[in-house]
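The same chain A turns up in both complexes below, where it pairs with chain B and then with chain C.
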Partner chain A sequence: MAEPAQQHRLSAGLARRLMGDWRVVVGGSIFAVLAILAIGASLIAAIDPLEQDLLLELLPPAWVDGAEPGMLLGTDSLGRDVFSRLVHGSRIALAVAVVAGVLTATLGTVLGLVAGYFGGLADSVISRLVDIWTSFPPVLLAIILVALLGTGLHSVIIAIVVIDWTRFCRVVRAEVMQQRRMDYVDSAVTIGLGRIAILFREILPNILPLVIVLLTLEMGIAVIVEAILSFVGLSLSSDTPTWGGMIAEGRQVIHQAWWVMSFPLLMVVVTVLGFNLLGDGLRATLDPTLRR
Partner chain B sequence: MSNTVLTIANLHAELRAGRKTGPGILRNVSLTVHQGEMHGLVGESGAGKSMIARAILGILPRSILISDGSIDCLGRQMVGLADSDRRKILGRDISLIPQDPLTALNPARRIGAQMTDVMRLHLGWSRARAHDAALALLNEVHIRDAEAVLRRYPHELSGGMRQRVLIATAFACEPKLIIADEPTTALDVTVQKQILRLLREMQNRHGTAILLVTHDLGVVAKMCRSLSVIHSGMIVEQGEVSDIVTRPEHAFTRALFAATPRYDRPADALSPVPGEVVRELEEKAATFDRARAGLS
Partner chain C sequence: MGAFLLRRAVEAALTLIGVAIVVFVLVRVVPGDPIAMMISPGASEADIQALRALYGLDKSILAQFFIWAGHAVTGDFGTSISLRQNVVSLILSRLPATLELAAAATALAVALGVVFAVLGIMWSRRFPEKIIDGFNGVVLAIPDFIWALAFILLFGVLFPLAPISGRIDPRIEFEFVTNFYFVEALLRGEIAVLADLFAHGWMPALALGLPLAAIITRVLKGSLDQAMVEDYVTMARVKGFGRLRIVVGEALQNAAIPALTITGVQFTFLVGGTVLIEKIFSYPGIGNLAIDAVINRDLPLIQGLIVTFAVIFIFVNLSVDMMYALLNPRLRHG
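Entry: the complex of A and B
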């Protein structure tokens, strides 16, 4: 059978190009490790991240004198295991990154598609909205929003979506305006396809690589925003381990115990770096397919 | 009515800038295509050939408006037809073979998906049934390894293959009329002949009427029974190919014949259309424009 081989060669070509880009490999690996940590959290970190033990407070990491065996990255001021909290914190970080990222991408892309393809009134309204939106400082807007919505994971996600949809909307709108002038759109009209079908079945596949790149970058942004909101205490209650919350707690004991703040900070930095590398790598590898 | 598939009558199209009426793009165009025949539409670049094709299909640029006349296709008036009604006709009763087979295909979708769209849309076929029909169509246009071709993306095929795919797709719903807008212009000379032969073969088998748009009178002489010659948006000559080839009425057609490359003549024997012939036509065009400006 020649045909599955053909298809296989095609996807193999794309896979090879992706694997040939170090940014995709490094960024993808960071994402993969994070996903494994998040999914297997309770297996990987056997110690309960919430269990307090005042006798074990502020123990240093395993390689420093005075460490307790089994507590790899030491404990915080309530005697909770830092490693376990980090691992469980990756759940929140990843959940926010994926859910907020996908929702933001969907909202922004749909509005961008509509504005770019239909033009006219729809475009004027959406474009004006984007202009107004982007004139607000985003961090301030996030804090105001969460203060209004109340703390909690869903507020964090809503805040990210509400603030960041414009990133997608702008880029997608401009790209659709280019695509809709292409000959293949005329061809689709001449076979009798309707406008919605043309927009979603003909044009969308052509801008999908772009959306994927933006989505990757957006996931990095979502991790930072969640960390900031946790840091200022506007995300989850302090019961749930979050990287931002750990940074805030660690800040108070930074002089006695550097590890409580440093490790979550490192996680945030590495994660965001990973998403950005992945996004840049994908941009370089997917764009040639987009433009042929 | 019984055996005509397309009747264009006194069609005028104008470039509109704001409220003002610009120069005529089509001037008093009338032409008829009969059932199962291949009608040639010939003219130089910029004559308005594509505008006629686009007017029939309803995909004129926004700046160009039909100001007068009618386009009757299979008993339906195409001028001013609602989009929803037009969509039912396009692809099923009329289809298009475009000029540039690369850009006319969607770069991000597989050939199979693009070929089956039209059958699933108009005939309501399942994916599997449309897929089988697409295979049969590809065999008909002499593409080997059709199953593999359906899984490819447009940029993985050669220009000739892409045009074969588009010809196959145009016949998919057994339309009554196919508009072929310079179907071979973007192709290699050697491939051009094969594609034209294929087009005639498909037409004979399916009995479809074809409006063949080209700037090459030689092609029309070989392929068509009747033809219309267009210049500056006006039809300057019309009739049976056998009549016009042997004794062209109009100086422009004579000149166009002289400018048509022939394999049995050296290339330097080619002569451009003489300036006075073109000037005469431009004056006629200007008269049309003045008359219409007076009307509106």
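Entry: the complex of A and C
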């Protein structure tokens, strides 16, 4: 273990490297803005996202003729404020991204650690499972799973975890198989550490940067999957504002009102690109083999 | 090779039976009552029981499975609860639309993939290669769901080039004998009908095919790059052949095997993607049908559709194996 002062220097160096990578800065900023929107939703968007006013239906955004003052991004076909629904929708998007992302990472990493470290029967069973799993088209699998579990946010999260754990499992397994041959593992065996202790206290910290990178990318995928499932009407009921639900509603009135679909679509794209940038940047700064 | 294919076919049949059992049990174990969705609010308990008995939902899961499997073997998948139609005829009437869409998307993907890979190699280590690689990266990062919606905004609303819903203009008066509209219009030489089908179809097909096109470009470009340093390419250079002729005439056929394999594998994902693309473009195929079946908890229809998808996937995998066996000399003579 490093001395406290040395450790401090290490983390200061890491922080400087992270801030020096434009992808980390841009991706991180998008994530931060999203978090602020989600946490402060009711303060930022003063109008109730559920409030319907049929006299104000399909009003255009503020910079277009015929807009209502205060309705920044216009209204949808029930006269609900698009900006407010967008801001409140970020709560669902972020919640799914974080919860589903962390659960997926945990399940996939544990199975990958076990398969990679113990090998033998455990490895064959898990690897075979990964092969079968990844031969199925994910969107179809997600829809079947939600059909089985019933609609709702918990089903969406379970579907993402059940489908995407293979992304972590595959990569972690390969990495553990490399780490297992390293000297520090031999040293740990020599000083008499148990296998579980070696796996979780010695190997896990070394593959954690890799897991964090994958987690960032997975959060972007989770946002897409949630948007897809709420688009086809299998996530939350239409009362709760979700980006996917807004896209579906906007698709119905696309010829009368382009803004109802465009803004939530833009939010999904920016969020996903943000997570991708952050992931790529983190990979470049955290992974010594890529850093050169 | 015969033994290899026979073994794959037996494996495929077993997989199909496994899928049928798993789906059947799972659909019944989870909560949610399809009968509750179809009764009118004033229905009496006796009415509900009668309805339950009509659809066989009052029997045990095991008994239900054997009844279902017994009928399924004879090609009878029961009656759709939400649409009150025979499941098989419902699926057969929608399947051609999905198959045509998937085939069009695959054709587009292969064409775009090959063209961009060849162009990338032609301009290797020069500026246009960077543009192709960059464009490829963007296409890979964005899923077909987003592409489809972006196309709707761009070519349906901003620059209204084409219709964004349906498969054909309902005002077109043309009696189709089959549901393979495109094939039929082509065979009967109906240019106007063909043009309308094309106008409706190119956007969903492109959205569906773009991710596959990007994958083909990447794989094919990689194997072309390797092929370009082989002796026969040097030989062709010595003979004074032009770069395009070398790439297309000599290197392409040798570099095609990895790209063909990946196309076969990815085709499964493309068929899975039709579910969403059909929903977005209100395209009347089995994908759209599947989403409605799931929302309505229409058990017979869900089962029939999952078996249909499973049959398609198994058939595709089998074809890929066969193609691979034919193309790969080691397997061909083994």
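In this text, the second predicted complex is superposed on the first by the 280 of 292 C-alpha atoms of A that agree within 3 Å, B and C clash if a C-alpha of one lies under 4 Å from a C-alpha of the other, contacts with A are read in each partner's own complex, and residues count from 1 in each chain.
Quick note on the criterion: contacts are C-beta pairs under 8 Å (C-beta built on N, C-alpha and C of every residue); 3 or more make two chains touch, one makes a residue touch a chain.
These numbers were taken from a predicted model, which means no experiment stands behind them.
*Asks:* For A:21, select first, second, both or neither according to whether it touches chain B, chain C, the two together, or no partner.
*Replies:* A:21 contacts neither chain B nor chain C.
*Asks:* Determine, under the contact definition given at the top, whether A:218 touches first (chain B), second (chain C), both, or neither.
*Replies:* A:218: touches no partner chain.
*Asks:* Looking at the overlay, what does A:81 touch: chain B (first), chain C (second), both, or neither?
*Replies:* The answer is neither, since A:81 touches no partner chain.
*Asks:* Return the chain, chain B or chain C, that is in touch with more residues of chain A.
*Replies:* C
*Asks:* A:192 in the overlay: touching chain B, chain C, both, or neither? Say first, second, both or neither.
*Replies:* So A:192 only meets chain B here.
*Asks:* I'd like to know which partner A:208 touches here: chain B for first, chain C for second, both or neither.
*Replies:* first
*Asks:* Could you say whether A:226 touches chain B, chain C, both of them, or neither, answering first, second, both or neither?
*Replies:* Neither chain B nor chain C is touched by A:226.
*Asks:* Once the structures are superposed on A, label A:261 by its partner contacts, choosing first (chain B), second (chain C), both or neither.
*Replies:* In the superposition, A:261 touches chain C alone.
*Asks:* From the superposed pair, tell me which chain A residues show up as contacts to chain B and also as contacts to chain C.
*Replies:* The overlap between the chain B and chain C interfaces on chain A is empty, containing no residue.
*Asks:* Along chain B, where are the residues that touch chain A in the complex?
*Replies:* 57, 59, 86-92, 95-96, 98, 100, 103-109, 117-118, 121-122, 145, 147-148, 150-153, 155, 169
*Asks:* Okay, in this complex, where on chain A does chain B touch?
*Replies:* 2-3, 6-7, 10, 182-184, 186-194, 201-202, 205-206, 208, 290, 292
*Asks:* Quick one: which bits of chain A touch chain C in the complex? Just the residue numbers, please.
*Replies:* 135-141, 143-144, 146-150, 224, 227-228, 231-234, 247, 251, 254-255, 258, 261-262, 265, 268-269, 272-273, 276
*Asks:* Okay, in this complex, where on chain C does chain A touch?
*Replies:* Counting only chain C, the residues touching chain A are 23, 26-27, 30-32, 141-143, 145-146, 149-150, 152-153, 156-158, 164, 268-269, 271-273, 275-276, 279-280, 290-291, 294-295, 297, 302, 306, 309, 313, 317.
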